[in-house]
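Next come the structures, one after another.
One chain, chain A, appears in both complexes that follow, with chain B as partner in the first and chain C in the second.
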Partner chain A sequence: MKYLTLVLKSALRSKRRTALTIISVALAVFLFASLRAVLDGFNAGAEASSSTRIVTIRSTSLIFSMPTSHAETIRAVPGVRDLTWANWFGGIYKDQQHSFANFAIEPESYLRVYPEILLTPDERQAFLADRTGCIVGDGLARTNGFRVGDKVTLKVGIPTYGTQDYDFTIRGIYRAGSGAVDNQSMMFHWKYADERSVVKGQLGWIVAQIASPEQEPQIAGTIDEKFANSPYETKTDTEKQFASSFVSMFGNLNLLLGSIAIAVVIATLFVAGNTMAMSVRERTTEIAVMRTLGFPGGTIFGLIAVEALLMSIVGGAVGVVLARVVVNPHVIPSGGFIPEVSVNDLNVAIGLALSAFIGIVAGLIPATLASRLKIVDALRRVA
Partner chain B sequence: MGLVSAYNLRSMIVRKATAAMTAGGIAMVVAVFVMTLAIAQGFRATLVASGSPGNAIVLRKGATSETVSAVLRTDVPILESLPQVARGADGRALASPELVVIISLPRVTDNQPANVPVRGVGLKAFDLRDRLTFVEGRRFAPGTREINVGRLATGRFKGLSLGSDVRFGGNTWKVVGVFTADDAAFESEVWGDVDLMQPAFQRSDYQSMTVKLADPSMFDSFKAAVEGDPRLMLVPQREQDYYAEQSRPVTTLISVFGTFVTLILSIGAMAGAMNTMYAAVAYRTREIGTLRALGFGRLRIVSAFLAESIVLAFFGGLAGCILALPVHGLSTGTTNFSSFSEVAFKFRITPPLLVGGVIFAMAMGAVGGLLPAIRAARIPVARALREI
Partner chain C sequence: MALIELRDVSKSYHRDQNEIVVLNGVTIAIGAGDFLALMGPSGSGKSTLLNLLAGIDRPTRGSIRVGDTDISGLSERALAAWRARHIGFIFQLYNLIPVLTAFENVELPLLLTPLSKKQRRDHVMTALGIVGLSDREKHYPRQLSGGQEQRVAIARAIVTDPTLLLADEPTGDLDAKSAAEILTLLQQLNRDYKKTIVMVTHDPHAAERASHVLHLEKGSLVDTAVHA
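Right, the complex of A and B next:
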């Protein structure tokens, strides 16, 4: 502890250099924490998914629908407690750029199966009572300035829903109780869309609530068997698999963001390591004098290493604070397909750990060189 | 100028460790820059390559992509009879009514279900896409449940190799040929006879109609003829324009993301360059004093140090480009949200992109080196000479 002043003094010896190094570490940690937050945002759906919900889709692909009779058949499968369904409506708000996810849902059962959709009792009542009513996530409401009572018009995106525009009234703004539900979507009565559909009684996917997670493989198997060799074969999976298949649609995000993160760390190591090396070189004579006065090599090593660590951690702290302030839903609107992102405590901790790592690695070589300095040579040197 | 430049270059070599680390920082930034933009370019190139200049694609009015379009059965003979449509040797119109549906197949890499586009095509489809060539097997025989598979799709999705049976749409289909198409999006698709695809997927109409124009310059008159016909609720587009538009959302997303990341990262690298150059100036205070005493003007000192920083960054940029080069040609995939299906594409590093990367590096060097260079020029001669 008694050396702290000395470390601080050396760190502030060249204020500009220290500041520049802190900035570069701060930006690296900022980028790293933000990228992790984005990745977490994408994976949130799969992570928080319920293990007692299973999703049945057409085996060909999600874009094909199945008849309502499928729901009744699934309801009769032992172990299924409750079920609901939804359709991807694909309606267009204003134009492609402003569009957002919108689903037609069977309202009562959907809100029952997804208790994570949080609505006030009044909003819930109002939504259920209005056939052309809809509910929107609070994230979506914020981006578009939606209020309860507003009218929203969607153009038809998928030809099976007819040609006429659909008018809705917002009856509620829901919050997401967990990552299993996103707050960027709009949902409305399935009946409203069905009335105008070219082909009636079509369901996009069916979500069944089962008693316990262990029964999943068996129930899923039974469901798919019932529809095998029918024109509407199905594929049933856990909600987690259903959600992660959406994430994987973006391609190998983990690899892409991971390689960027590695490049960020290496670039910062170069900058921070270089700074420490320069600072040590500048102080060669000083260090030699300290050695002559009797400071052991180990102490010199410690002084330099701690200086590097200190600089780097200060940068890391600045970086995570910056990430916390900038990367949150109030600043960055994440419209459409990309989930809402914010930097959580884990990302903060990882960011700080990363800055410590950068500090240690960057200080290692200069500190070693300084502690091994030959006093005679160093004192003779004119720098 | 010559003397000062050589002097700066030699100083850089003397301080090679520091110089290499600074260049290394810049290299990483340029590598990220080139790689992310290579994704955007690759994706765009793949879709743009799908369109030929002499073809037009006809979609329902207001449809933004094939998936949400519809072309009625009765529209087909009307379109085929238009004089602007080219004819084959047999005298029949070079036109292909098509149906695109999406099926789910597990990906080879992670076994996750992916959305694979299946295209039902008319008999003339292979004459319309003349860049399509078979690497294995043969064309599917019309009227049979045979299919052809794009080369990128065979590697990416399970069960699509030559000779294997694939189950979808309530039927079993046999893969009889694998084709390439100059890296176009078709290479991610499965092709079969449209007349058999329709019943398999319970469709009675088509989604799009692609025609070869008798001459590319006839597009405008073709468009006028289609739009002027009261029986048709259709709009033709040049095939190339259509595919370029399809690639836009994903390309924009990746470019914005890549630019954002590299800009932030470049600030860090510039801070590094600035540190290095300040140190370089500080070390050489006496030398700079000497140069000034010999009569070198301030402007020459500024430009010499600026040049040193830019050259350093230039080498960093070159290294970054070399680091990024191995990803060129690697194939990957993402979902094209315009069609909701997966498109395989290759990272595409083009000479302009590399030049862009190097210029970006030099800009970082210039910004990072400017303040230190000005400081070098401002050092009072007398004090500089006195310094030890």
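Right, the complex of A and C next:
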């Protein structure tokens, strides 16, 4: 503690340089925490998915649909306990910028198969009873100020669903009971969309509830076999694989975002290291004087290292606070493609640890050089 | 017994293939309470001798004993601890830390001691009082004149009550009036506080303030004078 004044005053000797270093670390940590939050969001669905739900889609791509008769065939497969389906509706609310994910679902079975969609009994009943009713996630409701009873109009985004706008009444605001369900979506009756569709009786994906995860390979194989060599061949996977494939539509995000984060951190490491090296070089005489006064090399090392660590951790703290304020579902809605993006406590801890790592590495070489300074040479160099 | 004994001390450097001899077999004894001036032309080895006495440089040959300690045999760590306890060093260019106040500069060597904050404060204020700068404790070096800066540097040198005060051209960067004040202060420290002082100087007027004068030339002792 008795060295604190010395460390603080040394760190603040060039306020502009210190501020720039702190800002660079803050930006690095901000980016790192934000990118991690986005990755977490993308991966949350897969992580939290149920192991007793399997999803059937067209083997060609998720964007192609299949007939309702597939549902009946799958329901008859041994081991399938329950079943539901959904379609990606792609409706546009106001404009593309304000849009959110919206799905046509078979309401009764969907709420049964996904007990994580939490509604009050009244809301559930009201939704099931109203063919033009819809439910919205609490995150989406917060973002758009939706309340139960509000009217919502969606423009048609995919021509298959006709040309006329769809009017809905919000009958419930659901909470997500797990990461498998995002709270940024809107869901409504599949029949409402189907009756206006150009091609009737089409399903986007079918979700089957099975008794145990061990049965998955066998049941999935049986399902896909049933539709082999038909015009609508299928591909059945676990919900986790389905969620992962949904994410992979955006490319290899883990690699892309991870690479960006690492590049930023390395660049910042060089900036912080250079700053500390410059700072120590400027203080060569002072360090020599302190050594003359009797300061051991270890103490000099500690003072420089703590100074670098302090600057970096302050930067890290600013970065994580910034990330928490900016990466906020109110400000950056994820559009319903992924659960709410937020910088959680783990990301904060990792961000701070990262800033500490930057500080330690950046201070290591300057601190070592300062501690090994040859006093006479250093005094002679300046005098 | 002398407080300081240098026996056959030599110091040489290697530059390229050449060996440059800076000190050549110097033997000196300095008694406790002496005020010794080291004189000589540039390159005569007087600053090197001072650095050896301070334990910030090591002799190539010979031994240096201060009190009961042969400092030429100490490890780097032990030497640092020895300096902190026994040496007060006054530089020509004061070498105060610019971001610290006069108080904090003087307190610096005390941070290495186990003294409490209050004890450190008492020591610092005593040292600043001796050099006549009690009222400047909160001033930064840039807010002080050259003479005042050197006084703060002297306060920093004496605050641990060291065995030996070493001054490397302490008046070299000062005007005549300030230089005279600094020399008077050093004399006072020697006379009133019985401090043993070794001062390197070019200035014969400064050397006259010392009780003994040693002349060095080309790394060897050439003359000794004792002032009344």
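One rule holds in what follows: the second predicted complex is superposed on the first by the 355 of 383 C-alpha atoms of A that agree within 3 Å, B and C clash if a C-alpha of one lies under 4 Å from a C-alpha of the other, contacts with A are read in each partner's own complex, and residues count from 1 in each chain.
Here, contacts are C-beta pairs under 8 Å (C-beta built on N, C-alpha and C of every residue); 3 or more make two chains touch, one makes a residue touch a chain.
Please read all numbers here as calculations on a predicted model, not as lab measurements.
Q: After the superposition on A, what does A:P159 contact: first (chain B), second (chain C), both or neither?
A: The answer is first: A:P159 touches chain B but not chain C.
Q: In the overlaid three-chain picture, which partner chain does A:T292 touch, first (chain B) or second (chain C), both, or neither?
A: A:T292: touches chain C, not chain B.
Q: Is it chain B or chain C that touches the larger share of residues in chain A?
A: Counting contacted residues of chain A, the larger count belongs to B.
Q: Look at A:L62 in the shared chain and tell me whether it touches chain B only, chain C only, both, or neither; answer first, second, both or neither.
A: first
Q: Of the two partner chains, chain B (first) and chain C (second), which one does A:T84 touch, if any: first, second, both, or neither?
A: neither
Q: What is the contact status of A:K235 with respect to chain B (first) and chain C (second): first, second, both, or neither?
A: The first partner, chain B, only.
Q: For chain A, which residues belong to both interfaces, chain B and chain C?
A: 383
Q: Taking the touch rule as given, give the residues of chain A at its contact with chain B in the complex, in rising order.
A: On the chain A side, the touching residues are 16-17, 20-21, 23-25, 27-28, 30-31, 35, 59-64, 90, 96, 157-159, 231, 233, 235, 244-245, 248-252, 256, 259-260, 263-264, 266-268, 270-271, 273-275, 277-278, 282, 337, 382-383.
Q: For the complex, give me every residue of chain A touching chain C.
A: Result: residues 2-3, 5-6, 9-10, 12-13, 285-286, 289-299, 375-376, 379, 383 of chain A touch chain C.
Q: Taking the touch rule as given, give the residues of chain B at its contact with chain A in the complex, in rising order.
A: The touching residues are 17-18, 21-22, 24-25, 28-29, 31-32, 35-36, 39, 60, 63-64, 67-70, 101-104, 107, 109-110, 112-115, 168-170, 201-202, 249, 261, 264-265, 267-269, 271-272, 274-276, 278-279, 282-283, 332-335, 337, 340, 342, 388.
Q: Which residues of chain C touch chain A in the complex?
A: Per the stated touch rule, the residues are 51, 54, 56-57, 76-77, 80-85, 87, 89, 91-93, 95, 97-100, 104, 108-109, 111-112, 117, 156.
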